[in-house]
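Below: a set of structures, written as structure tokens.
In the two assemblies presented below, subunit A is common to both, partnered first by subunit B and then by subunit C.
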Partner chain A sequence: MWLRIVGKAMRDRWPRVTLALAALTVASGLSTALLALYADIESKLRGQFRGYGANLVLSAAGGAPTLPLSALAEADRHGEAAPILYSVQTIRGEPVVLAGTDFRRIEPLSQYWEVRGQRPAAGEALVGVAVAERFQLRPGDSLDLGGESRPISGVVVTGGPEDSQILLPIQDAARLSGAGEQASLIALRVPAVAVEQARQRLAQALPGVEVRVLRAVVESEAGAVLKIRGTMFLLTLLVLAITILSVANNFGAMVHQRRVEIGILKAIGGGDGRLAGWFAAEAAAVALAGSLAGFLLGTLAARALTWQIFRQPAGTAWGTLPAALAVTVAVAVLAVVAPLNRIRAIQPAVILRGE
Partner chain B sequence: MALIELVEVTKRYSDALRALDQVSLRIDPGEWVAILGPSGSGKTTLLNLLGGLDQPSEGQVQVDGADLGRLNRRQLARYRAETVGFVFQQFHLIPYLTALENVMVAQYFHSLTDEAEARRALEKVGLGDRVRHLPPQLSGGEQQRVSIARALINQPKILLADEPTGNLDAANEQTVLEILDAVHREGHTILMVTHDETVGGRADRRVYLEHGRVAGVVSREARLKFFPLEPIS
Partner chain C sequence: MFLRLLVRSLARSPRRSLSMAAAVALASAITTAMFGVLLDIGDRVSRELRRLGANLLVSPQSAALAVQIGGVDYRPLAGAAWIPDSALPRLKSTFWRNNITAFAPFLPVTVELGDRKTAVVGTWFRRQFAPASGETLSTGVRDLNPTWRVAGNWIEDRLADAGAREILVGSALARRAALRPGDRLRLLGEDFLVRGLLDTGGEEDDQIFTRLETVQSLTERPGQVARVQVGALTKPEDAFARQDPKRMTREEYDRWYCTPYLSSIAHQIQEQIPAAVARPIRRAAENEGRILGQVRLLMLLVCLAAMIAAGLMIWSATASSVLERRGEIALMKALGASDGRITALFASQAGFVGASGGALGAAAGAALGHFVSLAVFALPLDLPPLLPVLVILAAVAVSLVGSAAPLRASLSWPVAPALKQG
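This part shows the complex of A and B:
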């Protein structure tokens, strides 16, 4: 009987029920989308920031020019690391900085590099844009380095010191400079939250090595994550507050519309609690349907937004389903508190008099 | 012992408006009492007080030993579900529930629903073939009969009827009055508000209200006589 009455009451008031369903679907959808992005934003932004380069640099302590490449193994335990070996060579009578590195390792730390042509293989070189302009070099040309003719695989634009350097595989650079198994520095990227911890552990594990934090990168990364998360959180609260007002208004109107029916039901023995229970059940049913519909729509929206912002695919965040469900039901509960109180205030004698 | 006893009951809606003024009345079990009087005389207010829909400003309303003025909201809801049945002039059925479901709602508030019993109640008022109809699909007389079936489904001690024939044509009025006659013969106590002397004439006793006060009481036996301001015993 209970189900029959609630079901028929909902069917009878379908325009208002549909409106409430739409509002709760929007609330659930936005919550799902924002929660999915919120949960994923750190890893996605980390991926983006990773491309902006290292946030820790390891160099030899005490003024030594190089540190042993064996330090790389320790650095690898904390994040993505790449060695760089600097030397100076003369090209056409002018000194130029050679930077030898492991191009496979430097790849994730240099996604902001714009390479015209290819990154170099063994025996090749990548020249900075300033070097290319100075010596009129283009991809496919050759460059004489230490008596060896070396093909230029590409020209790199970074906006940084690499623009004035010649980059080549670290083994080639070591052979040309005679440095052996050494590096001038090791660039290291660790998650922003773990930078300080990584610095301390590396300093402890590598006594002859100076570990420096690149503050600007770390702070901008942490700042961006916090700001974006904060904005999303506030936006979610705003949407939920608007939804509560909207659904409360809708349910309030529904109670007002049904005040005669409520008065009659009270007159024939319906208690406040039981009648309020019917409305609460209607709200719960609408909230449940809205949660599920919103979860589906929100997941699709989160996928579209993730692709739009990060150009990366996003999976279905099943973990947000309980949260979306809880949020939507909480919104519905908050929204029906005032209308349910109004049910209690309805006096059948007044209603049946037609007032 | 009286089933219903009103002792100097006053109902004020404001300082200037007294719907009932020092009304005293006793009604015995199985009695059919008609409350008559012009509009605004306090007839419906009296019915609402007896139905537990309203509370007196002063005095006592005692029904079956219970002082309604002392009952809380929950107890009043139980009282309405178990002790009284309402029949209204406007029928007041739930429009989206069938005739059968309208009767079953009252069962639901009382205790458990019993579809067969609800069906029998509708058959008893001549609506055995209309149980699946919605109120808008029924005539006024049929709706009122559904309302009577709903009021009686829980075997209440008292049937409270507010202008039960007020919205009906002569034929339907006759049908409803015959049903009330039958209900009365079964031993139910009926308190009926009406402005129609002919309808009121069916009752054992007629109580006349004017300006919220009892203006007179006429028994069936003395229906041709009128006793203005007769003291209430």
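This part shows the complex of A and C:
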């Protein structure tokens, strides 16, 4: 019987119920989408900051020129590491800086390099754009290094020191300079939140090695992520607050619209508790349906947005669903029950007369 | 008469009018706040990313190949190409001078310290200068690199002083050589006082820094600078910006010139300093371009979603308000009002509520956006006055549209049943 009353009430007023449902779905969808984006934004942003490359540099302590390549093993435990070995060689009578590195390892640390051509394989060389201009070199030409002729796989442009260097696989560079299994420095990228911890652990594990934090990279990343997250957080909070107010407004208005109906029900003997129960059930049903629909739409929207912007899949936050549902239903029920208390004071006769 | 009807109609059910106005206000507040923050966020995040340091390098056009490891130059100094330091103030005379947040000149010389070659770098720390516009500005490595720290004191070089003999020693070098602030060090044949120890985490920690004019006079290179690092706020490069400026049409060129792409700022610097070439430092430029583009796109899409949601909220409130008044509409028709009259009355009501709710909401939204901007960036919101006006207009438009369909439906229903339903 109870179910029939509630069900018929909703069916009779289906335009109004549909509008309330639509408004609630939209509000809930927007809140869900924003919450999902906010929860994900830090990991997406930090992923983007990887493009800056190394945030830690290992060099030999005490100002020695090189450190052993074996330090790479320890560095690998914390992040992505690549060795670099510098030497000065003579090309056509002029001194040029040679940088030996492991091109597979340096790949994730050098995403900002512009390489015209290819990164070099064993036996090949990558020349900086200033070197290429100075010696009139192009990809495909050959370069005479230490008596060996090397094909040039490409020209690299960075706006940094690499532009004036010749880059080779580290074994070749070590052979040319007679350095052995050594590196001038090891560049390391560690997740930004773990930088200090990594520095301490590496300093402990490698006593002959000086570990420096590239503070400019770390601090600019930290500042930008903090501010963007802060903006998203406050905007999400704002939208949530406005959504809650809007739901309350919407459902409260629905009650006011039906005051005649309430008057009639009271006149035929409906108790306050029972009335509250019916209206609360109706509100809860609409709120539940709207929240679920909103949650689904909002999650889909957030996924689509994340893919569109970051080209990376979004992390799912199923945990927010019960909370979101609970809040929306609670607000809807409160919005319906609260004004009922006011109407309780008014006599049915007054309402039925039309006042 | 019409006005009296309008006012009476609104006042008869204040709760309903207020409820609808509240919905419009809430929706307008969301829209105003979010678009206000969106318009600012690019600039704010860009400034945050500038803490990394320079994104442009200005070097002499005829510079020979650099032979540098860790900042130490292995080439002899004689005959090296240079940029005149008299050209430096012109950096703040370009079209995009307000986007150039800081710059610093460098003149390094290699010395033997103990048994190692070490770079002694002459630069500006925070030097006053006067560009063509006449005002006094200051810039230097302290402004270009806000993440640099000094244990002890910075060198105060607001004004040039060729006779001063002070240095900042890189922290790693100071550790090795057991130097502390207050110690003295002999360089280039003179005694220098260590004012402080510089800590950056980069290769500067192995170098020594002093005033530009000190290095210029001690190496007999008056008025010369080896390179200049520049930090600029830029718009991310898109396909348009990557074209060759020499191949652009007049209109395209003007558009490119008047947009703060890194390439056009570099071009303008080269116009001001003909002997120099300006190139992007890709590690900074590429990444901040990509990140800024993503943040802007994120905010824009979120704002559009919020705008659609806000519109739907207003539409729903307006439509349900009209639906509720079917009895009233039927009564008016029974009394002889024409459809046109009734439509005009309801449209005016919707318009009035839309405008007042929109105005209130826009004001509240501006305040909320202002609060967000202060809380996150410690800067006030830079709100264009057009935004609240557009929001109010949109609120009115959506209110009118929202009442249109239910109104038309109600007008077409037979009068008697509608009156009976009340």
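Note that in this section the second predicted complex is superposed on the first by the 319 of 355 C-alpha atoms of A that agree within 3 Å, B and C clash if a C-alpha of one lies under 4 Å from a C-alpha of the other, contacts with A are read in each partner's own complex, and residues count from 1 in each chain.
Heads up, the rule we're going with is that a residue touches a chain if its C-beta (ideal position, glycine included) is under 8 Å from a C-beta of that chain, and two chains touch if they have at least 3 such contacts.
Everything numeric here is computed off the predicted structure, so don't read it as measured data.
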First (subunit B), second (subunit C), both or neither touched by A:272: first
Touched partner set for A:252, first subunit B, second subunit C, both or neither: second
First (subunit B), second (subunit C), both or neither touched by A:120: neither
Which partner reaches more residues of subunit A (counting touched residues only), subunit B or subunit C: C
Which superposed partner A:131 touches (first subunit B, second subunit C, both, neither): second
First (subunit B), second (subunit C), both or neither touched by A:169: neither
First (subunit B), second (subunit C), both or neither touched by A:11: first
Which superposed partner A:154 touches (first subunit B, second subunit C, both, neither): neither
First (subunit B), second (subunit C), both or neither touched by A:100: neither
Doubly contacted subunit A residues - partners subunit C and subunit B: 260
Contacting residues of subunit A [partner subunit B, same complex]: 1-2, 4-5, 8-9, 11-12, 260-261, 264-274, 347-349, 352-353
Subunit C-touching residues of subunit A, taken from the complex the two chains share: 15-16, 19-20, 22-23, 26-27, 29-30, 33-34, 37, 41, 45, 48-49, 51-53, 57, 62-63, 86, 88, 94-97, 111-114, 130-131, 134, 157-161, 164, 184, 210, 212-217, 219-220, 223-224, 227-228, 230-231, 234-235, 238-239, 242, 245-246, 249-250, 252-253, 256-257, 260, 301, 305, 308-310
Residues of subunit B that touch subunit A when the two form their complex: 44, 48, 51, 53-54, 73-74, 77-78, 80-82, 85-86, 88, 92-97, 101, 104-110, 113, 150-151, 154
In the complex, subunit C residues that touch subunit A: 15-16, 19, 22-23, 26-27, 29-30, 33-34, 37, 41, 44-45, 48-53, 57, 64-70, 74-75, 116, 145, 147-149, 172, 176, 199-202, 205-206, 279-283, 285-287, 290-291, 294-295, 297-299, 301-302, 305-306, 308-309, 312-313, 316-317, 319-320, 323-324, 368, 371-372, 375-377, 406, 422
